[in-house]
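Down below are the structures I want you to see.
Paired with chain B in one complex and with chain C in the other, chain A is shared by the two complexes that follow.
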Partner chain A sequence: MNGGVSEGLSGDVSGGAGSITGGAGRTGSLAERWYVPAEIQALRVWIPFAALVNLIVLAGEALRGGGSAQLGALGGMVLLVMLWWWLPDGRRRWRRTVGRGLAAAMLVLGALSLLQRDASFYDLWATSWLVAPSALALYWLSAGLSGSWCAGASDARSAELGLTRNRRLGPRLETFALHTFLLHAVAIVVAPVVWIVDVSISPGNILGGAIGDAFTLEHFRVVLGGETFWLWTRNSMIVALGTTLVGLLLAIPAGYAFSRYRFAGSKGAMFVFMLVQMFPGIIILVPYFMVMKTLGLLNTSIGLIIAYSVTALPLCVWMLKGFFDAVPRALEEAALLDGCTQVGVFFFVVLPLSLPAVAITALFSFLTAWNEFLLALVFNTSNDSYTLPVGLASMIPATGQLWGDFAAASIVVSIPVVVLFVLFQRALIQGLSAGGVKG
Partner chain B sequence: MSDVEFIETTKVYDDGTVALDSLNLKVREGEFLVLLGPSGCGKSTALRLLAGLEDITGGEIRIGGSRVNDLPPGARGLGMVFQSYALYPHMTVRANLAFGLRRTRGDSRVGEAEISARIEEATEMLDLHKVLGKKPRELSGGQQQRVAIGRALVRRPKVLLMDEPLSNLDARLRNRMRFELRRLHEAHGTTTLYVTHDQVEAMTLADRVAIISEGSLQQSSTPLEAYNRPANSFVASFLGTPAMNLIEGTAEQGVFRAGELSFALPGHLAGWRGPGIYGVRPEDVRIGDSGDVRCRVGGVERLGGDTIYHLDAGGNWIRALWRRSGGGATGSDGDERSEVSVSLAVASALIFKE
Partner chain C sequence: MRSAALASAGVCGTVAVAGRRVARYAGTAGLLLCSAAAGVHAQQVSVDDAAQAYRQIHIDVDYAPDEAIAGFEIRYASQAFETTGDAELHSTVRVADTADLERVPDDAVFERCWSNGLPIHRDGAGNPVVSPDASNWSCALTGMAPGVEQWIAVVTVGADGAPLVDPERLQPVVGRTDVPDERTPPPDTRPVLFALGMVILSAIVLLAFLRWQDARRGRSKSRLAHIYVAPALIALATLTFYPILYGMWLAFTNADQSRLGDEAWIGLANFAAVFASSGLWRVTLFTFVWAVSNVFAHVFLGLVLAVALNRRGLRGRTVYRTILLLPWAIPGYISVLAWNGMLQPDGLANALLGTAIDFFAGAGSARVVVILVNIWLGVPFMMMVLSGALQALPSNMYEAAEIDGVSRWDQFRYLTFPNLKGTLVPVSLLSFIWTFNSFNTIYLLTRGNPYVGFGEPGATDTLITHVFAVAFEYGRYGVAAAWSVLIFLMLIGFSWLYLRRTGAMEAAT
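Then we have the complex of A and B:
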C-alpha cells in the first residue's frame, strides 16, 4: 500500500516536471534535479577552507623550515583542490571513483605525516586538517544516501526523501562548520594572551619554550614587590582618573549645549572637533612638548591630564551630543512644567537618561589615558614620573630584556581594563547601540 | 481665580514667521475651551506661550488676573498633557506622578503624606492601581495617556493644558478617552485649554471652541453656534463633514450668479447685493423635482448610512449628503452621469463677504 502511494506520488511529480524539463539538459522530477545531499554541499564549502588552512600550515612550515611537514601540507592542499574540482555531481559515476581515490590518498598522506611529526598540540592540529577532511569525504562518497547519490543511483523517490533529510541535516552541518570556524577565530585572538601568560609564569626572562611546561610566580613577585611598579601604577591612576574627571566635566556640558542650543559657530565648532581628530597625534607632539616645557608641566601628572583630556574631548562631545539629541524635548518641557529649573531638568531628567553614554564616555577617557604611550614617553624624562605603558617599555631596553617581568607586569596592567569592561558591559552595549541608531 | 486671558498676544519667530497675531481670548474659570484649527495655524503656539515654553513677542497673558509673561513654566500653576505623553522613561509611574510634587518649594511645598494621598486619589480616579510600579515603556498607549493626565492633575493645576492628547491613540481608544476626558472635566471643573485639529473632539468636548487660522482667531463661541452661525467662510468650511458648499459669485435683485449657475436667493438673504460666498451645508441640499438647479451627478460615495453625491452645477462642484434615516437632504437616489434637480435656496443657507 505504501509503495503504491509513493509510486503514485513520484509518478505525479516526475510527470509534472517533465513538461518543464529542458533548461539544464537534465531529465527527471523537480526533486531529482534539485537534490544534492547536504554532505556533498558541505564538502563543496569545507574543502576550500581546509585547503586554505593547509596553505597557512605550508607557509608556517616554510618559515620554520620543516621539510617533510611542508611536503605533507603541500600534498594535502593539492589533493584537496583536486577533490573539490572532481566532486561527484550525481550523474557521472567516474567522479565518485576519482573522489574516493583522492580522499584515500589524502588519508594515507595524513597518517604518514602523523607518524613523522611530534605529538605537540600544533602538529596534531595541522595533521587533523589532512585526516579529518579526507576521512569525511571518503565516508560520505561511499556510504549511505549520499554514497548512492554519488553513484548516480538516486531516483525521484529517494531524492524527495533526501530533500527532507537535507532540511534536518543541513543546519546541523552548518552549525558544526560555524563552530569550527569560530574556534579558530577565537584561537587567533587568544593565542597571544596565552603566550604572554605562559612567559609570565615561565622561569627565567626568556621568550619561547613550550606552553605550560613550567610554573613559577617569580616574575609577579619581582613586579609586585618592586617599588617602581607601584609608583607607575599610582601615576597612571592619577592621570587616568584625572583625565576621566576633567574629560566628563568638559564634555557633558559641551555635549548638552551642542545638542540643545543654537549659538554662533555651533556647527563650525562640531566640524572642527571632527577635523582635529583626523590629524595623527605625532604631528602635534613637538608643539605640545614646547608648550608643556614653557608651562613647566613636563614630568607632572597635570600636564598629561590636560593633554589627554583635550585629545579625548572631541570624540566624547560627539558621543554625548548624539545621545542628548535622542532625549525628546517634550520630556524637558514636562520637567519645566513640573517645576524644574533648566539645571534641574538636566540633572533630574537628561542626565539619568544618558547614563549609558556618560559611562562609555568615562570608560573611553579612562582607557585613552591608561593606554597612551607616546605623549607620556615624550613628556616624562624621569623614571619616577613614568606611567605604566612607558614603565613597561622601559623593561625592554636594547640589552637585557626582562621578558618574564614584562609579561607579568603587562597582565597586571590589563586587569583594571578588563574589570572596567566587565562592569560597564551592559551600559557599553546600550550606549554604543544608541549612538549607532543616531548615526 | 483661574481664568486665562490672552491680550494682544503675539509670537514672531526669529526667522520672521508670525505664529500668533494679536490673539485676544478669555478662558473663563472652569471652562473647557478647545483651540481648533488646521496644523500650523498657531493653536499649539498659543498653548506653549501660556505654558511658558516659548517667549512672548508682544502683548501679555494673564492667569487669574496676574501677568505671567515672565514667570518660569513651573511657577504658573499649570498641568500639561503632551501629545507624546512625555512620561519620564527612567521613573516608575508612581515616581512620575510624584516628581512634580517633590519639586515644589516654599509655601506651596507638598509633604510626603500629602503626596501619597494625591497619588492615591489620582490612582483611584484614573484606575492606575495595576501600573503604579511599572515603567512607562511597559504600559499600553491608553495607560500612558492616563498616567500623563494623572501627572498633570496631581499638581492641582489652576489650568490644565492638553496638546492633541488623543492623536497617538487608535480610533476605538480615542473615542473612549474622549468620553473619559469630558467626564473628568465635569468631575473636577478645572479650567482646561485643549488643542486639537479634530473637529469631532472640538464639537464633543468643548464648552467653547476658539477657531484659529494663520495665527488669527476666527471665532470663539459654543461649538453649535460655530457650526450653525460661522463667522466667516473659513469657519464654515472647517466645521462639518463633508465640508460646507461654498460658491463664489454675485447677488443681484435676489438672484445669485456664479458662472453658468444661477438661482433665486432664499428669503432671509434676498436683500444681499454684490459679490459674496454662498454657503449651504451638504445635508441641507435638497435633491428632487422641486429643485430649480439642474446638475449632473459626477460621483457617488456610498458610506452605508450616508451617501455623498458630487454634483456639477454649471461648473461649480456641490456636495449633497443623503442620510438613510430620513433626516436628510434628498428623496431620490441618483446614479452617476444622470441629471438631477437640486434646491440650494434653503433656510439654513448663509452668505459671506469673504
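Then we have the complex of A and C:
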C-alpha cells in the first residue's frame, strides 16, 4: 500500500512536471492511483478468464473443424488479450478509445459468429463468452463514472464518490463472478446426471438427441420387472450389510483400545493400520483371488464380505478412534468410581454416547461395499452372483448395449446412496478427515 | 468391444457367444466354422472354441425364424457324413411357445443350452424349447470324446418330424475339444488353511507377548487393550499381510490359470518377463502422467472451489456444495459409465458439438479423456477436505489483513496457502496413491484400449489395469504378481521421496 502511495505521488509530480495543463491533469493522475473503478478492476480479472474460455471454445471448434468459427474464437481471444493489455488507466485517453474500438470489434465478431452458428445450446454458450464480455467492457468504458474515469476526466470529488461506490459495487461484482464460476462448475457436474435421466426416459437406446424430447417408462419397467436386477440388489445388500456388521464388530473394540489405552505395541499397531490403507489393492488382488478360489469362496457372498470388511477395516478403526477421542474421559472415570467394570464402561457409557459415530462408520463401510467394483468383478464369474456394480457394468458391453436399461437401473441404485451421502455428508467428511486424512 | 463384434461378425455373419472378457482378444476366441445346408430352411452352425470344456463342444446356431420349423435335430459322428443315417442323434431342440415355460439355470441341468444369451426354456420333461420368433440358440454338446474331431450337423424338422432340408446333403461342421478334465483333482485347501492357521497363531503369540510385557511393566490399566485389538489385528494379519506375502511368493513361481496349488519356484523368470515386455516403460510413464496430472488438477480445482465456497455471505452455499459433491456421492462406476455413454460418437458430447468424434479411437484423445473423467470424479473429495481446512483457519487473521488493505490474491498467497500446506501435503500424497491405484475409470471407459499389440498394455492402460489384464485375461498369475511387487516398490519409493522433499514425514506419521 505504501508503495502505491509513493508511486501515486511520484506519478503526480512527474505529471506536474511534464505538463502545465493544470489541476485536472494532476488530480486525474492522483485519482488513477487512489481510485480505480470497481468495473475496471473487475475487467482486469475477468478478461483473462474470458480469454481462457475462448481458448477452450477454440479447442472445441478445432474438434468440429468449422473454419470460420475457429477464426471467430481465435479472433475473440486475441481481441480480449489486446483489450486486457490496453485497458484504460484513467490517465491516457487513447487507451479508452482503443479499448472501445476493441470491444466494439469483439461485439461485431460475436454477432457475426452468432449468425454463423446454429442456435444450439453449446453455440449460444460459446458466443455469449464473446458477446457478454465485450458488451460489458463497451458499456463500462463509455458510460457512467467509470466511463469518465477512463477518459481521464475524473477529479477529486468524483474519485471520492467513486471510492464510496466501489465499496458497494466491488463485492457485488465479485459475487456475480463467483456465481458465474460456480454455475459453470455446477453445469459440468450435473451434465452426466441430466444425461442419464434423459436416457432412462427416452425410448430405445439412443445416446444423444435433445434432452427431454420423448418420455417413456419402458426401461424402468424392464429393469424393475426383471429378475436379474433384484438378484443383484439382493447380492449387494447381503454383501454390504455383512461387511458393515463384520467390519464394525472388528473395528469398534480396536478403535476404542487405540483411543483409550497406551499399551505395548499400540503405536506400532496404529502405524500398521495407517500403512495398510496405502497399499495398492492390486498387490492383494491376485493372492486374494487364489486363496478364495482354493477355499471355494468365489461366487459367494462370504468371500466378498471377508475381503471388504478387512479392506475397509483400517479406515473404520481410524474413524472410530477419532470419534471415541471426542467422548470425554471424565464420564468413564466417574463410572469407574461408581464401581462399573472396564468392560461395563465401554458397553454402558462410551458405546451409547458414540452411537451416532458408530452409525456414520457403519454408513461409510456400507457405502464402500455397496459401490466396490474391482474385487466384485474378480470374485464373481457367474451372472447370478454379481453385485450391482458388476451387474450394471455388464449391461454395457452386452450385445445391443442396453444404455436405457442401464440408465434406469443406475438411477434406482444411485438415489438412495446419494440421499444418504448428502444427508450425512458433514459427519462422513468429518470422520474421514479424522481417520484417513489427518492420519 | 466394437472391434470384437466386427472381428467375429466377419466370418459367416454370426456372432459367437464367448466369455465376457473376450473384449480386445477376439482373435483368440476361436475360428468359426460354418455350414449352410442347402435349402430354404438353412441355418448357420458355428463352433465356439473359446467356450469349449471337458468333453463338451459348444455350438451356436443362427437361422431365419420360420413357422414351418418345429424343431432341430443335432446329429454328430466321428467322421464326415452327408446323410442323417450316417450320424447319431445327439439331442433335439423343440420350437414352441415359451410363455409358460421356465428358463432353467445352467447348473441345474447336464446338457446346457442358451437362447438370447440366457439359459434356454425347458418343458416339463426338461427338454430344451426355443420360442418361434427366436433366430438363434446355442448348446454345449456333452459326451464328446476329447482330442478327436467330431462332425456336427443341425437339421431343421417340420411339424411332421420330416427334415426340412435335404437329409442326403448335409454339410456338418467340425469341432473338437482338447480341454483336459479339470474336475479332478479338487484344489488342495490344506496348505492355505495351514498358512492361515500359522498367521493367526503368530498374531496371537505376538499379542500375548506384548500383553506380558505390559504386565511386567505394571501397566495394569491397559490389560484389556490387547484383547480389544486382537480381532482386528488377526483379521488384518490373515487377510492383508498373509496375501501380501503370498503374492510376493507367487511372483517367483510359475502360477497360472491352469495351475492351482502346485506352483513351482522359478526364480526371477517372472521379473525378467516383466522387464522384457516392450510396454513396460510406456505404461509406467503413462501411469505417472495419469496420477500426477490428476493430482494437480484435483488440488488446483478443489482449492479454487473450496475458496469460492468459503466466501463469506455467499448465497446458496449449501445448494452449491451439495451439487458439487455429486461426483463423489454418485457411485463411481455409474458416473464413469455415464461419461462413457456421453463420449460415444452418438453421445451427448458429440450432440452438443454437432460432431461424431470417437474420442476413444485415438491413443492421444483416449488418454486425455480418461484423465479428464477422472479429474471430474476426484475434485469433490479434495474440495471438501480443503473446505474443512479453510474453515478451520481463524477469521480474525483475514480481518486484520483486510484492515491492512491486503489484496485478495495476496491474502490467498501469503495467508491461506501457507496455512493449508499441512493439509495439502498428506492429502495430495493420498490422492496420488489412490489415483495411481485406481482401476474403475480406465477399465470402464476404455479397458486400456486403443489396442497396441497382443500381450502388450493398451494405449490407456495404467500399471494397475495392465496387471488386471495379465492376471485375469491372460491368466498369468505369477507374472501379474511380479508386476504387483514392482508397483509396490515404485509407490513406496515415490512416497518416500515425496515426503522427504516436502519435509512432511512428521505430518504423515
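In the analysis below, the second predicted complex is superposed on the first by the 375 of 439 C-alpha atoms of A that agree within 3 Å, B and C clash if a C-alpha of one lies under 4 Å from a C-alpha of the other, contacts with A are read in each partner's own complex, and residues count from 1 in each chain.
The rule is simple: a contact is a pair of C-beta atoms (placed from the backbone, for glycine too) under 8 Å apart; a residue touches a chain by one contact, two chains touch by 3 or more.
Just so it is clear, the model here is predicted, and its values are computed rather than measured.
Colleague: Looking at A:V317 after the superposition, I want to know if it touches chain B, chain C, both of them or none. Which is it: first, second, both, neither?
Modeller: After superposing on A, A:V317 lies in contact with chain C but is clear of chain B.
Colleague: With both complexes overlaid on chain A, does A:R92 touch chain B (first), chain C (second), both or neither?
Modeller: The answer is neither, since A:R92 touches no partner chain.
Colleague: Have a look at where A:L337 lands relative to chain B and chain C in the superposition and call it first, second, both or neither.
Modeller: first
Colleague: Under the stated touch criterion, which partner chain does A:R172 make contact with: chain B (first), chain C (second), both, or neither?
Modeller: neither
Colleague: Who contacts more of chain A, chain B or chain C?
Modeller: On the superposition, C touches more of the residues of chain A.
Colleague: Once chain A of both complexes is superposed, is A:R234 in touch with chain B (first), chain C (second), both, or neither?
Modeller: neither
Colleague: Taking the superposition as given, does A:R221 touch the first partner, chain B, the second, chain C, both, or neither?
Modeller: A:R221 contacts neither chain B nor chain C.
Colleague: Along chain A, where are the residues that touch chain C in the complex?
Modeller: Going by the criterion above, the answer is residues 1, 60, 63-65, 118, 120-122, 175, 178, 181-182, 185-186, 188-193, 195-196, 199, 206-210, 249-251, 253-254, 256-258, 260-266, 269, 271-273, 276, 278-291, 293-296, 306-307, 309-311, 313-314, 317, 342-343, 370-371, 373-374, 378, 384, 389, 392-394, 396-399, 403, 406-407, 410, 413-414, 417-418, 421-422, 425, 429-430, 432-433, 436-439.
Colleague: Help me check something: in the complex, which residues belonging to chain A touch chain B?
Modeller: By the definition above, chain A touches chain B via 328, 330-331, 333-341, 344, 348-349, 352-353.
Colleague: Under the definition above, what is the set of chain C residues touching chain A in their complex?
Modeller: Answer in residue numbers: 1, 5, 15, 20, 23, 105, 117, 187-189, 192-193, 206-207, 210-211, 213-214, 217, 219, 221-222, 224-229, 231-233, 235-236, 239-240, 243-244, 246-247, 250, 255, 260-261, 305, 308-309, 311, 314-315, 320, 322-335, 337-342, 344, 346-348, 350-355, 357, 376, 384-385, 388, 404-405, 423, 426-427, 430, 433, 436-437, 439-440, 443-444, 463-464, 467-468, 471-472, 477, 480-481, 484-485, 487-488, 491, 495, 508-509.
Colleague: In the complex formed with chain A, which residues of chain B make contact?
Modeller: These residues of chain B touch chain A: 51-53, 72-75, 78-80, 82-84, 86-90, 99-100, 103-105, 151, 155.
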